[in-house]
Structures are given as structure tokens and as C-alpha cells.
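Letters A, B and C mark the chains as written, and numbering starts fresh at 1 in each.
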Amino acid sequence: MRRKRNVAIVMVGMILILLLAVAGCSQKEGSKSGDDGQGTAKLEGTLTIAGSTSVQPFSEVLAEKFQEKNPGVKVNVQGGGSSQGVEATISGAADIGAVSRDLSDEEKNRAKLTVTPIAIDGVAIVVNPANQVSGLKTEDVKNIYLGNIKNWKEIGGIDAPITVVSREDGSGTRDAFTNIVMNKEDIVKSAIIQNSTGAVKTTVAGDKNAIGYVSMSKVGKDIKALDIDGNQAIEANVKSGTYKLQRPFIYITKDNPQGLAKAFIDFVLSPEGQNIIVEEGAFKIK
Amino acid sequence: MGAVSIKDRFIYGLFYLSGLIIVGILVSIIGYVIARGVLVLNLEFILESPRHAGSAGGIFPTIISTLYLTLLALVIAVPIGVGAAVYLEEYALSSSKFAWLVNLTAETLAGIPSIIFGLFGFVFLVIFLGMGWSILSGGITLAIMILPTITRTAQEAILTLPPEYRENSLALGASKWQTIRKVILPFALPGIVTGVILSIGRAVGETAALILTAGSSLGMPQSLFDPARTMSVHLYMLAMEGISLERAFGTAFVVVVLILIINYLANLSLRRLSR
Amino acid sequence: MELITKPGLSNCEKKNRSLIVAENRHRRVDVEKLIEKTLLLSAAVFVLIIALITIFIFAKGLPLFSKIGLGDFLFSNQWNPTKGFFGIGTMFIGTLLVTMGAMLWSVPIGLSSAIFMAEIAPPRIGKTLGQLVNLLAGIPSVVYGFVGLIVIVPFIRESFGGNGMSLLAGAIILGIMILPTIINISRDSLLAVPNDYKSSSLALGATHFQTIRYVIVPAARSGIITSVVLGMGRAIGETMAVVMVTGNSAMIPTSILAPIRTMTSNIVLEMGYASGDHQTALFATGMVLFLLIVGLNLIINRLAKAGTDDGRG
């Protein structure tokens, strides 16, 4: 019995030591950044950004750079989705909400929200690199997603059934796609639904008969972006407006941005911030 | 004992086969994760902070966050969970409405999908109680999620106590609480440890509920009120947002190795205790 | 569930014993009372949590029914939130099918491996297997989902055609995920069967297999049923992995190779970006899921009780 108790005490002790060690580690880190803060920066405090997972990687890189410039500042970047971002901004849990679609009327009515577009993102129609089709008309894409065109041979491909891949209802990317390509008509029910860019990418990269749509910034070697109506999915065409599939990334704040939130948004809109956005694959707002 | 018939042999064969299937599944999944993850792995990956949204650098803060959240959840859930089990098994009358209700709610809690805990944690802890996305919100949510496991395994363990033990202790003049502390709990310890291991597994692996309650901020948490991103959430973000599938598997590798270590330690302590 | 009844110690005896103890130890009574109260509070936490979850989920979900009828919500196969159609019929069926599919293979394999580990395998191998199963339980859903997406989905696509994201893929992955729950709990309850039962049966001339079948398994029935129910609960509630491999089309599947959407998938898929009625509808989906699990537990609770009564009567 005594022996058992000893073991129990040792175990509890180990856990406590581990806890302390962990606490010590992070505290050290904390005080270090505090010391550095006395140097160049005037800004101090914590800023929380929450919302769209499409905007999150951009916000994270922007936050990293912003924290390097202002060592007294800690920026927390949360995902959760556009709606969670709006919810959190209204409730005050977040200082800035990140949204990858236009605000709904209901959201606009709930509180006085200030909208600041920070970037433009193109939406690419993508297929497997093995697919011999390299371009489609908007009308064809629409008919594929309506379920009217079911086989690649109808539009110049091989004889194989098309696997239609779409995003979930409410996604900013889907919102842009249904508004611009589908004219708000319903996407065929048998479409595979994935709730993230990465999952759509993986699905299309793995299935040589699949078609999907993702943020242009995420097109890589494993998926191929199609020309739409003869326009390549590139920045110049997005900016000139000949490539119509695009949507804004926006930051929202309760009332007008102030203090830290304002400093951060100013940084994002500065040439340096906009360059970071371009490096990450989206396009400048102006 | 009679001779083993052909039919029995066949059935034995089936039992062996099912054991083999389990091993096969485990080996192929772990093997796959390790084979893909080991390529990214080095000391910097474990000890450095992530850079560039996680596509460069390491995963150190996510390891610390995972530890914090898991420990907090256990600190909250183990006393309550074991306490509830002891109450149900040793104090409550089995016919009482209250015991029936607690058992039913415990079962219900065990069946509730993690996404619902996430929604609840978000609405109640993060927004309603104003805890924000934090280790605290995440830890409490996790504690709620692992409570049923801890209680149930403790209950099952207490149930297996031969009645003589309890009777002898009471007959020797020990009070009820002394009997529980000196006889029942030590006897039930292996069962409790099993519950804790299962819970750690769930805590380390949880994603849906933690994104909504602990948040997904990549920084190093400095207090209970800071948001945090666990390894599993990091893995999910890396993979689902297409940031880096490679690093996602690297992270998965670390998670799996951590689970291996936890299991090893738990088994070690179990062996010591049962000696 | 027969978790509370203890063989050999009736409620009456319990009461008497506490009374005797109380009489003998006047001074200790206060401490003992305090401890009992504390433990009672621990148990009450469960009820409190369920009450809170119910209140908050219902408060968010119920307002939907002021806009659309309950029947339309439950039985309509039209899910088109942007146009105001909120019918979760297809997802209800999706959840049912994928759960059944998973249990179809994982319950037999899980139970037979539990029996293997507890009764047939040499103790060392049984223990090692147990540790491996705990490991299986520790692998995050996301990892299962990704392994499913990268290994099982392409395998189905290549071998059987279609996209591979399907009911079948979901059933395979889910089955793997609920195995540890089924195995661990049923094995523990098999191991807990007193050795006397086994040796008496063997002494009476029963074979090892007959002993397992007619003595040990029936004695461990409570734990085995619990393990299956918990496994079922996990299957119904699993989200991340299912979302990744089932394709999530909101329609009734025409074959096991067709994509499906479950209720949990519906929530996790759309919650991030839903607002207004759409969000309310997702909370309402959560409500239905919640009620389903409560109902299931009630039914099983009754069944298990009835089962033991028959067995003993």
C-alpha cells in the first residue's frame, strides 16, 4: 500500500514539475518580448483577429510582420469562419473580423460595422493536371455545375463522367462562384461538397475526372487552373476585370477602427502590407 | 477438458484473425503517418516557433498549448469524474431517481458530438461568460468532453471489486470514506488510469471543439486567458487550408509519437502499481 | 444500464451499514457527511452540464420553427439554405446508413478481438494488443480523415469506380475509429468476470469455447452492450473524419459508392460561414442530433434493464 502511494506521489510530482517547467518556459518568452518592446515601439497590447479561414493565412503572415515591427504587441489570429468573425466582432471577443464574402443584410443590421477591403482574391476553376481540357466557357462551367453536362467528352475531353466538387453553402468562395457563374441557380445535388480550400484541392488532385473551384492563391502544381472564356486565371485579368471570378477579403470593426486595430489595418493597407498579400497569392486592393 | 473440435478450431481461427486485423489496421495507419511525417522531422521542427503561417519553422507553441489544455482538462475532470463514480457506486441507492438521472446524463454526454460541445463552449464560455478564446474555455470544454469516460471507467473498475473487500473493511471498523480511500480507490486505480489514457487521447486529438473555444491563434500562450492552437488544430489548419501537407504530416507524426509516449508511461505506471 | 446494482449488497444493507458506521463514529460523521456532499456535487455536475447544453443549444435552434414547420425540417430532402429551404431528411438517412455500415463490420471484429484479448490469447499478447488499441484510440480524427482521404478514397475510386468519396469510405473509416471504444470497454468487462465462473464451467466439463460463449460473455453482457452503445454514439457524433471522406452531397445515396452527408457533417461544413436563419437551422440540426442521442440512451437503458431482469428472473 505504502509503495503504491509513493508511486502516486511521484507521479503527481512529475506532473507538477512539468507544469512549472512549461509555465517557466512561456513566461521567459513573455518577459523577453517585453524587454524588446522598450526599444522602437510605442504600441502595446493584444489584438485579436477572428473569422474566415481563407483570410487566416494572410492575417497570420501580416501579424508576424506587424509584431516584428511592434514588439510590444501580441496579435492573436483565429479561424472559425466568416460568420464566427462577425459574431465575435459584434460581441467584442475579437477586435477585427475577417470575412471573405459580402456581409449579409442581417449582419449589417445587427451592429454598426465598418468594412475595410484589404485584398482581392481570384477564384480559379481547377481540374486535374492529367485532364486534357485547358479552358471552358462560363456557360459550360455553369452547365457542369447544373448537372446538364455530365461527361468530359461533351466539352472536348475524354469519355469519362465528371466529378463535380463544390464548397459548402455559405462559403465566401462558393458565394462568389454562384453569383458570377451560376447566376444564383442551384448547384447539382450530387456534387461532392468540401468545406475548405485544401480539401477541394486534394479531391481534384486525386481524381482525374474532377472539377472544382479554389482561391487562385492556392493553385499549385497538383491542380490546373482553366482559362475561362479564353481569359487566363492571372492577376492582370483579375485586375482588368476580364476574368470575372473574384471576391474581396475584408476586415470589419465595430464602429471605426481605433488604436491597435487602426494601426494594424493601416499597416495592412500600406505598401508593405499589400506586398505581403501579393506574396501570399492574393491581389492588392487598389 | 474434451478434445478441440474442428468447428472450435475454426472459431479460434476467426478470433486470431480479428486480433490480426486490429494489428494490421494500426500498423498501416501509424506506419503511413510515420513514413510521411519523418521526412520533415528534425529538432528545429519541434523546438522552433512557426513562421509564415506554419509553412516554415516549427510547432513548439502548439506542443505547449496541447500540454496546457490537456493538463487543465484532466485537473478539472479527474476529481469530478472519479468523485461522481464513487458517489454513484458507493453512496447513491441504485433505485434513486438521482442516480438514474446522473447515469443517463453521463451516457448522453458521452454520445454528444464534439462539434456540439464546440458550439456550446463558444456560445456559453467564450461569449456568454466572456472568457474569450482561451486555454480556460478550451480546457473546460475538453474537461466536459472527457468527464463521461473518466466516470464510466472508474465505475466499471469499482464494480469489479469483490464485495468481501468492502465488507471486511467495514467490519474492521473503518469508516465509509476510509474504506473508499484505502480499499476501493487503490483497487480501482488501474481502471481510472485507463480512463485517463483514453481521455488524454481524446484531448490531444480534439479539433472541432477546440477551434471554437481555445481558438486557433499560433502564438505562445502566456496565461490561462490566452488563446492557443493545439497540434491537432494546427494539423487541421495546415492540411485543410492547403498551407503545407508535408508539415501537416510532420505534425501528425509528433502527435502520434506523443500518444506512444503517454501510453508507454501509463503502462509503466500501471505495471508498477499492480506489483 | 446495470452499472449501479451491486451483486451481494442490496440497497437496504447499504443503508444499514451507513447507519451503523454513523452510530459508531460520532466525531467522524461531520467529515463523512461533508465528503458525501462533495461527491454528490461531483455527480450533480453531469446534470448541470446537460441542462446548460440543452438550454443554450435549444435557445439557438428553436427559433427556426417559427419560420418553417417541424415536419418540413425533419422530413424534407430539400437543403438549400441560400433559398430558405431547410430540410435535413437526407442527412438523417446519411447518419443512419454510415453508422450502420460502420457497426456492421466493426462490432463483430471488435467484440471478437476483445474476446481474443481477454480469453484466448496468451496474457502477454493480450496485454500488448490492449496497448496497441489504446494507441488507436489516441490517433486524432483529423489524421484518420486524412489517411482516409489519401489512401482509402483513391483505393475505392480505382477498384470500384466513382469518385471514391462515399458511404463506403465513411463506413470504413468510422468503423476503425469506433473499434477502440468497443474493444476496450468490452475487454475490461470480460476480464472483470470472476475467475470462479470460468473454473466452475471448465470443471463441469464445458470446453473453453463453450465457457466463453455460455458463461463469460453473458456475465459481461452489461459492459459489452455499453461498449456497443458508446461506439454507436461515437459513430453518430464523429465529424472531422466523416466530413473528409464521405463527399457530403445532400442527397439520398443510390449505392454504397454514392456520397452522403451526415447531420454532424452538415453542422461542421456550414457553421463557419452561416448566418441568420442558416445558422439557426444548423443549431436545430444539433438539437435533433442531441435528442436522437438522448432517445437512444433511454431506449438502450430500458433494454439493458429488461435484459438483466429476464436473465435473472
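Everything that follows uses one rule, which is that a residue touches a chain if its C-beta (ideal position, glycine included) is under 8 Å from a C-beta of that chain, and two chains touch if they have at least 3 such contacts.
Because the structure is a prediction, the values reported are computed rather than measured.
In this assembly, A is the chain whose CA centroid lies farthest from the centroid of chain B. Here the largest set of C-beta contact pairs joins the chains B-C.
We define each chain's centre as the mean of its Cα atoms; on that basis chain A and chain B are separated by 31 Å. With centres set at the average Cα position, the gap from chain B to chain C is 15 Å. In chain B, the positions touching at least two other chains are 239.
Touching of two or more other chains is recorded for residues 53, 79-80, 84, 195, 199, 202 of chain A. Of all residues in chain C, those touching 2 or more other chains are 268, 271, listed in ascending order. Listed in rising order, the residues of chain B touching chain A in the complex are 51-54, 64, 67-68, 71, 122, 126-127, 132-133, 182, 186, 189, 211-212, 215-222, 226-227, 237, 239-243, 245, 269, 272-273, 275.
Taken in their complex, chain C has these residues touching chain A: 79-83, 149-150, 153-154, 157, 163-165, 243-244, 247-251, 258-259, 261, 268-276, 278-279. The touching residues of chain B, counted against chain C in their complex, run 1-2, 4-5, 8, 11-12, 14-16, 18-19, 21-23, 25-26, 29-30, 32-33, 79-84, 86-89, 91-95, 98-99, 101-117, 119-120, 123-124, 128, 144, 147-148, 151-153, 155-157, 159-160, 162-163, 166-167, 170, 173, 175-177, 191, 194, 197-198, 200-202, 204-208, 232, 235-236, 239, 248-249, 252, 255-256, 259-260, 262-263, 266-267. Listed in rising order, the residues of chain A touching chain C in the complex are 52-53, 79-84, 86, 101, 104, 106-107, 163, 168-172, 178, 184, 186, 189-195, 199, 202-203, 206-207, 209-210. The touching residues of chain A, when paired with chain B in their complex, are 1, 3-4, 7, 11, 15, 18-19, 22, 25-27, 29-30, 48, 50, 53-54, 56-57, 60-61, 64, 74-80, 84, 87, 91, 93, 195-199, 201-202, 214, 218, 220.
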